[in-house]
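Just so it is clear, A, B, C and D label the chains in written order, and each chain counts residues from 1 on its own.
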Amino acid sequence: MDFHQAPPTLSNTFLSDSNLKDVLKKYVAPDFLSTIEKHLDHVGELACGKWLEWSREAEARPPELTTFDPWGRRIDRIRMSEGWKNLEAAAATEGIVASGYERKFGDRSRVYQAALLYLFHPSSAFVSCPLAMTDGAARAIELYGDDELKKNAFTRLTSRDPSKFWTSGQWMTEKTGGSDVSGTSTIASPSSRPIDGFDWKLDGVKWFTSATTSQMAMLLARPDGAELGSRGLSLFYTELRDGNGALKNIEILRLKDKLGTRALATAELHLRGTPAKLVGSEGGGVRKISSLFNITRVYNSVCATGHFRRALDLAQSYSRVREAFGRRLVDHPLHAATLEHLEDEYAKCLELSFYVAHLLGKDECGTASEDERILLRALTPIVKLFTAKRCMEGVSEVVELFGGAGYVEDTGIPTLLRDAQVFSIWEGTTNVLSLDFLRALEKENAAPILLKKIQNDFASAIEGPAKAPWETMQSILKNAKGDRASLEREARRLAFAVAEIVALGLRT
Amino acid sequence: MDFHQAPPTLSNTFLSDSNLKDVLKKYVAPDFLSTIEKHLDHVGELACGKWLEWSREAEARPPELTTFDPWGRRIDRIRMSEGWKNLEAAAATEGIVASGYERKFGDRSRVYQAALLYLFHPSSAFVSCPLAMTDGAARAIELYGDDELKKNAFTRLTSRDPSKFWTSGQWMTEKTGGSDVSGTSTIASPSSRPIDGFDWKLDGVKWFTSATTSQMAMLLARPDGAELGSRGLSLFYTELRDGNGALKNIEILRLKDKLGTRALATAELHLRGTPAKLVGSEGGGVRKISSLFNITRVYNSVCATGHFRRALDLAQSYSRVREAFGRRLVDHPLHAATLEHLEDEYAKCLELSFYVAHLLGKDECGTASEDERILLRALTPIVKLFTAKRCMEGVSEVVELFGGAGYVEDTGIPTLLRDAQVFSIWEGTTNVLSLDFLRALEKENAAPILLKKIQNDFASAIEGPAKAPWETMQSILKNAKGDRASLEREARRLAFAVAEIVALGLRT
Amino acid sequence: MDFHQAPPTLSNTFLSDSNLKDVLKKYVAPDFLSTIEKHLDHVGELACGKWLEWSREAEARPPELTTFDPWGRRIDRIRMSEGWKNLEAAAATEGIVASGYERKFGDRSRVYQAALLYLFHPSSAFVSCPLAMTDGAARAIELYGDDELKKNAFTRLTSRDPSKFWTSGQWMTEKTGGSDVSGTSTIASPSSRPIDGFDWKLDGVKWFTSATTSQMAMLLARPDGAELGSRGLSLFYTELRDGNGALKNIEILRLKDKLGTRALATAELHLRGTPAKLVGSEGGGVRKISSLFNITRVYNSVCATGHFRRALDLAQSYSRVREAFGRRLVDHPLHAATLEHLEDEYAKCLELSFYVAHLLGKDECGTASEDERILLRALTPIVKLFTAKRCMEGVSEVVELFGGAGYVEDTGIPTLLRDAQVFSIWEGTTNVLSLDFLRALEKENAAPILLKKIQNDFASAIEGPAKAPWETMQSILKNAKGDRASLEREARRLAFAVAEIVALGLRT
Amino acid sequence: MDFHQAPPTLSNTFLSDSNLKDVLKKYVAPDFLSTIEKHLDHVGELACGKWLEWSREAEARPPELTTFDPWGRRIDRIRMSEGWKNLEAAAATEGIVASGYERKFGDRSRVYQAALLYLFHPSSAFVSCPLAMTDGAARAIELYGDDELKKNAFTRLTSRDPSKFWTSGQWMTEKTGGSDVSGTSTIASPSSRPIDGFDWKLDGVKWFTSATTSQMAMLLARPDGAELGSRGLSLFYTELRDGNGALKNIEILRLKDKLGTRALATAELHLRGTPAKLVGSEGGGVRKISSLFNITRVYNSVCATGHFRRALDLAQSYSRVREAFGRRLVDHPLHAATLEHLEDEYAKCLELSFYVAHLLGKDECGTASEDERILLRALTPIVKLFTAKRCMEGVSEVVELFGGAGYVEDTGIPTLLRDAQVFSIWEGTTNVLSLDFLRALEKENAAPILLKKIQNDFASAIEGPAKAPWETMQSILKNAKGDRASLEREARRLAFAVAEIVALGLRT
């Protein structure tokens, strides 16, 4: 009657799992490696120590919205937990965003950053989400912003000082469409009384905004009178709050009651004359925002991989302390085989996500070849879709490996599942990204470059473990001469095949 | 600014989807068919009408436990929603359990019942769960109970009169093990003062009891002094409440806070001298309970299939009303292809689950051949594991097809996912059932019978669509001469291969 | 260790407490009495039986507002508990409002109704609140409504058929003022497209509306262009919902999170072109509404008295089952003295509230003398303020008599206190009503009539138990020749003095 | 439509209200005064600044109990808000308890402490409650503890260092009785294996324990075999948690769901072999604990007075910003008169509570005369009962002065009322204390001393404002020769009369 199951335990992932170290060695020169590893060791400790506690507190105390004050004034105030605030500050201190812009390790800085993010994310209660948008906003400003934005906003977004650090929202989704922004109905009109250079005002409803507690946001809107469709959109910059912390002509219609990412304040916003500035000149909004999407997709891939690792760490630990039918779970051959299978899938995610991070770093530092640039463009969507799907499948399997305990919220396992489902939804669903990959193959001439890369660098893979996906890929491309609709129907199988080939090629 | 997405709608699944009708035609003689179809049409209407409302209310108002009264008396009272109570009554009225025992349609009664359950489940807020245990308990009493149990409990369990109808709990799981009941530490001692023939009393903790609001329960306990391990266990019968509705020497330690099935009161129970009776003679508990498991696994398969159908109905409906990139979702080739793929997977689930229901009915009515009996034994676990996994994968895909809306609780889509995860956990996880299948192949000589069945009846399938799984099956069985551990490692792949073969065989 | 306090119990108040019977005998002719007593006996049973259960359920499941549907449409839907709905239906069936208009017992019908309400209220979860407004609206329509309103709305408000019965809201309070409606900023404009005769549309915010779930409402608004202040106001009639149950151009800004009356849906409403009709001709809104206030104040007095009785019943019962210092509480002289004191205060409330109900009935049936009409006008405010204050003080004392148990929510005692506080707030606070009484004395020449009444009918009281308040009254009136401000400062003392005199006079 | 009521504001009560300064001047020598006032000014700022914020956070996030860990282990963990923890630390830093034992201002230290507490309490979310018990425990140890307790526990209880500071619980109430501890059924048995000198173990249920998060507790228990009734009780000391923060053989049955004091973790505890030590020798438990009660009653009086002041501050502020009927509330004569009346009542509370604090300080420092000691004994209960009742009445009136806003939780006004009700319940109800006062008059010969004090020092009061209570007092005492029961019936009137006389005497 007094039997109590020993719980699974978490240790420093950077030390307990060698996969990350192995991948780093591929990309980082030995002289940088020890500096980086020291920091990662420290971050790994935090992630199984106080970050973990903070993230649990943030989960337990989700954001609360107060729409009115007692006297009927609209205030739209969101209260975040202490845990969330602490994690945001820690993200600044450890340079999760900053490391990508300080470029201390040259074109490997994005690899270093990916490692930080990979360790941070699973204990971050999805503070990683605003960080992704923050990084994307920093990049957009770096590329398109004027001096003022670079001096102020950019400096804050890439600061390591929690008191100066800003996160940024990215408000794209409207009710008319998720990934399809063409129907954007937010209207920008010139302001009759610009204050501090905010010479536009915005009116519209943003339907899914995941960082409503940020200090600034990047968003798409259609200047009054501009043409319909995507081409009429411009990229705008806004700061959310005035000196007293009150929202500037923004109403929060409600917080989303989501399946997961519950510590994260996702809201529906009504912009009612919100002051804004153009980022760059008018027009080209979608093009500008796409620089941002590339970054958030890489973040998504790295976070999904870290998330998958967290689930595996727990499953591994549990399999060593839980007994059934007279043996530890890990000593049951089928249980062990199941875990090994999941490790393989995870390892593919790790390879893929760090490979695109590596390409991104080279691209940004100007050391990427033309082929590498195109590979980055083509692989980013499929790495995102592959890691998201594998993470969800893997976590669902982990839930099952815990049996009934995996289904009970206080073990924390259900949170892993509820959260995992988000990776395949935001930043483009599997289907949307599969078609995006198709576009890259076609429009940016990525197909021959990708084939060359595979045949040159992954030859032993496609003759070995990657044989089946390689055959799939070839057969789809061969039949691709047919009608466009048939090709689209195959886009997803193609994307997964290529992801498998690249992942296995990188591992081999 | 005033765009509002049209929501997906639900209609009568029995009419809108022809798959069920097609499957029924296979098993049910034409003269029965019209009677059955008329009832199913009626039940289908209820399921998209008031049952749906009730199930939503039951979800919105989950069970609440009050442990103490204001004056400190332990009362352990669970309050269920009105929706839940109404659904339980409706289940009685429509004969969800009763239909399996009235046997109005002879050895096809289980097929009829499966169709009822398939339509009922997705609007039942998991009242289907206690029904499964109720049916299992009825079967166990039919097989092993004495006259008194048959007269009273059995009559109530199979009643169509809501005022007489009882549901039954089935309390197996303890903290030491989920599927592994060998460590059961609940002790049964002879009662010094038996009341109404309850001549044992039980002491122990039951860790996962999903029908705590039932009037009776079947459970395993170890008579004081009986041998350790599974062999020392006996099957007991208890009635939970006295005439005033107070629990009889049972404390509810807490309600489980679960990922899904939130309308269902799952509890941890402390038995403290709970009065009980033996079912049959002492010993043989595991054997007796296994008759019950067969039934709950068939229920699980049917419910998972119905759940999958519900998700697909919603995804289909949404794909016709939602537009993106200038077209309805359904007009995007890749979206359409994804839906078709899910329809295929669902159709396999439907074939498999109705096939085992059919075998079960024949077995119970004595019209099954020896081969069919063994097929029932061998296929029950793999049909359960296959339908559970496919349902979860399918629902996760459906979530994604809804985009952001799939991740927001008030659309109801997240509930589908949270609930779907349960099917692969309760009644044996994928791994546990894979090994159970292996045991059936080996110990009950099911392998040659299964091979014969496949080669005779599914010949065209294994030469066509089922070629790959057939090769997998053969290769695993060929290598099976090796060590046991290697075979176990392959048990899961084997199970899925066989399930695929049978499903595709049945469809062809 | 196993001591458990016996809880207090509730029995049929009509039988257990003779006060009500005694009061009825004063006002009701013997031939009516037995009919009425039979009904009250029945109602008393319900109030300690299923009404009590329903009211508890209604308390446990307070109203929930859903502002948006999953797709972003504004729906503003309030979900009420089953208990609440059942109580509303029961109120219709028992004729709580209807009895006042059927006038089956002639000018004693309001006394009969008061007795029903007195028994109903404490088990009504404050369904009594919409009933008060419903009754007030019926009266306003009877006095000022056109034929159409009398035929439709009035018939529904006074129906005993739950399927036809309507309740009415009464929306006065705006943010600018509670009792002071002069600043009403809701504007009525002629409708360009009247539907079904609703030829005005209203725009404004109503800050405290306690029956948002009603089907209709009476409210004050200022026709566009009408003069400022109270004189520019008109009384309007609106029906809240269209055929689909959707609010007609009304947004519910939020439900109030109140100290008590938690089962009651009190809301802030934003009228945005709500269709409405004038009640009578334009203007005179405040005068018309005041007929309504008289009724709601009488309701308030009767409910406060019933509420006080409920608290006393519980305290009496507890004092007989709880022991301390070796004796039952009731056997402690000080405890007994405290209860007796509370009984005295309660008895005053009962006398006063039935006296004004009696005057009201006579007034409505045209059997009141001129003096009685003026007494009704003068006494209504002070009976309301007196009963409200005494109820709150009494209940606070009862909380204390329960000791710690009185402070713990699940005993139900704190609810009594939280609810009791409302009586002195709505329908005019103590100070507002004291000044209203002063106005009655001055403007309606009530002073001499009141003095005459006291000296004629309550002579023995003012020489006996009411000596002190009588002296107070005289001294205040004597000094009243001084400045108005000094008199106002004394208005409250005066009001209580008069209430004491009348109460004691009636008892003697 | 856009009118928004200006909210009431809070400023530094020490500066805004001169009453406290005036009272301090009476008791504190001028040379001490400026030191004390400087500190009080500082504390007053905190109380309208960050303490206020913390107390709001503590209210918004009430304690949460987790009974089991995910794996079924009983853990009984209470999570307190950050606000609560911060306030406890602040209480240490500012020396709320310590100031009473450092005795820096000699026999005026209790007056100084009372001033601190008076300012601290209304922004303390009832951290003042554990402080009262902490102070009481310190006093009990000072009087009866051995060297070890004095060295360790006492030092911690009176520390200003938050990292060393301990609070103490005081666990008296059992289900059998509130104030009546004679039925205490907690049994103490000698421990067979004493650890660290804890040589007793306790078994029983404590029904109302308001400081379950404290590190230690003082409690009554009956040594096994000791006589029944109060005389068999001894006072014990226990430390609640082991080195890992786990409770030592204490189960928390539940947290009380209280009307008010919601930030405070009040629990029902089951002691199951809890290790304890005797305080002093066996026996005399009730006598020892009474030293503790004197202190908690003084705390209660001071806190109730501070609470009353807070309500008045808000009402005053509101009356200056709210307009009705064309004038600010404060400019309405009756509103102004109502506020003045409340100020008078509050001022009596302030006089009384500081007077007993002053007597307490003298008693503890040995500077009290015999008469003063007896006055302290006699007045402590009636000051407590008087301040508690007046506070509740006053706050209820303040709620009403706010109108509807006073009834809505987010204004914070309802909290004041819900909290106020506690003062007359804990530490003895009005009736219990009235009888205690009677006992003091009789058994401790307090009557003549009290009469002498009144006639000597309050002569002008009893001829002026206190004439009426003085006559009441005399008449009751005169008739007191009669039977005891009659006297008891008058005990409460007597208590209030004496309190009025003393209060008015002190003011004059």
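Here is the rule we use: a contact is a pair of C-beta atoms (placed from the backbone, for glycine too) under 8 Å apart; a residue touches a chain by one contact, two chains touch by 3 or more.
This one's a predicted model, so the numbers in the text were calculated from it and none came from an experiment.
A comparison of the A-D and A-B interfaces places the larger number of contacting C-beta pairs at A-B. Inter-chain centre distance (chain A to chain C, centres taken as mean C-alpha positions): 58 Å. Averaged Cα coordinates give chain A a centre that lies 54 Å from the centre of chain D. Between chain A and chain B, the centres computed from C-alpha atoms are 37 Å apart. Listed for chain B are residues 4-5, 71-72, 175, 205, 207, 408, 410, each touching two or more other chains. Viewed as a network of touching protein chains, the structure reduces to a complete graph with every chain in contact with every other. Across the complex, chain B is touched by residues 67-68, 71-72, 175, 205, 207, 253-254, 268 of chain D. In the complex of the two chains, the chain D residues touching chain A come out as 4-7, 61, 69-73, 82, 405, 408, 410-412. The residues of chain D lying in touch with chain C in their complex are 1, 3-5, 173-180, 182-183, 185, 203-205, 207-208, 256-260, 324-326, 332-338, 392-393, 396, 399-401, 403-404, 406-410, 414, 417-418, 421-422, 424-426, 429-431, 434-435, 485-486, 488-492.
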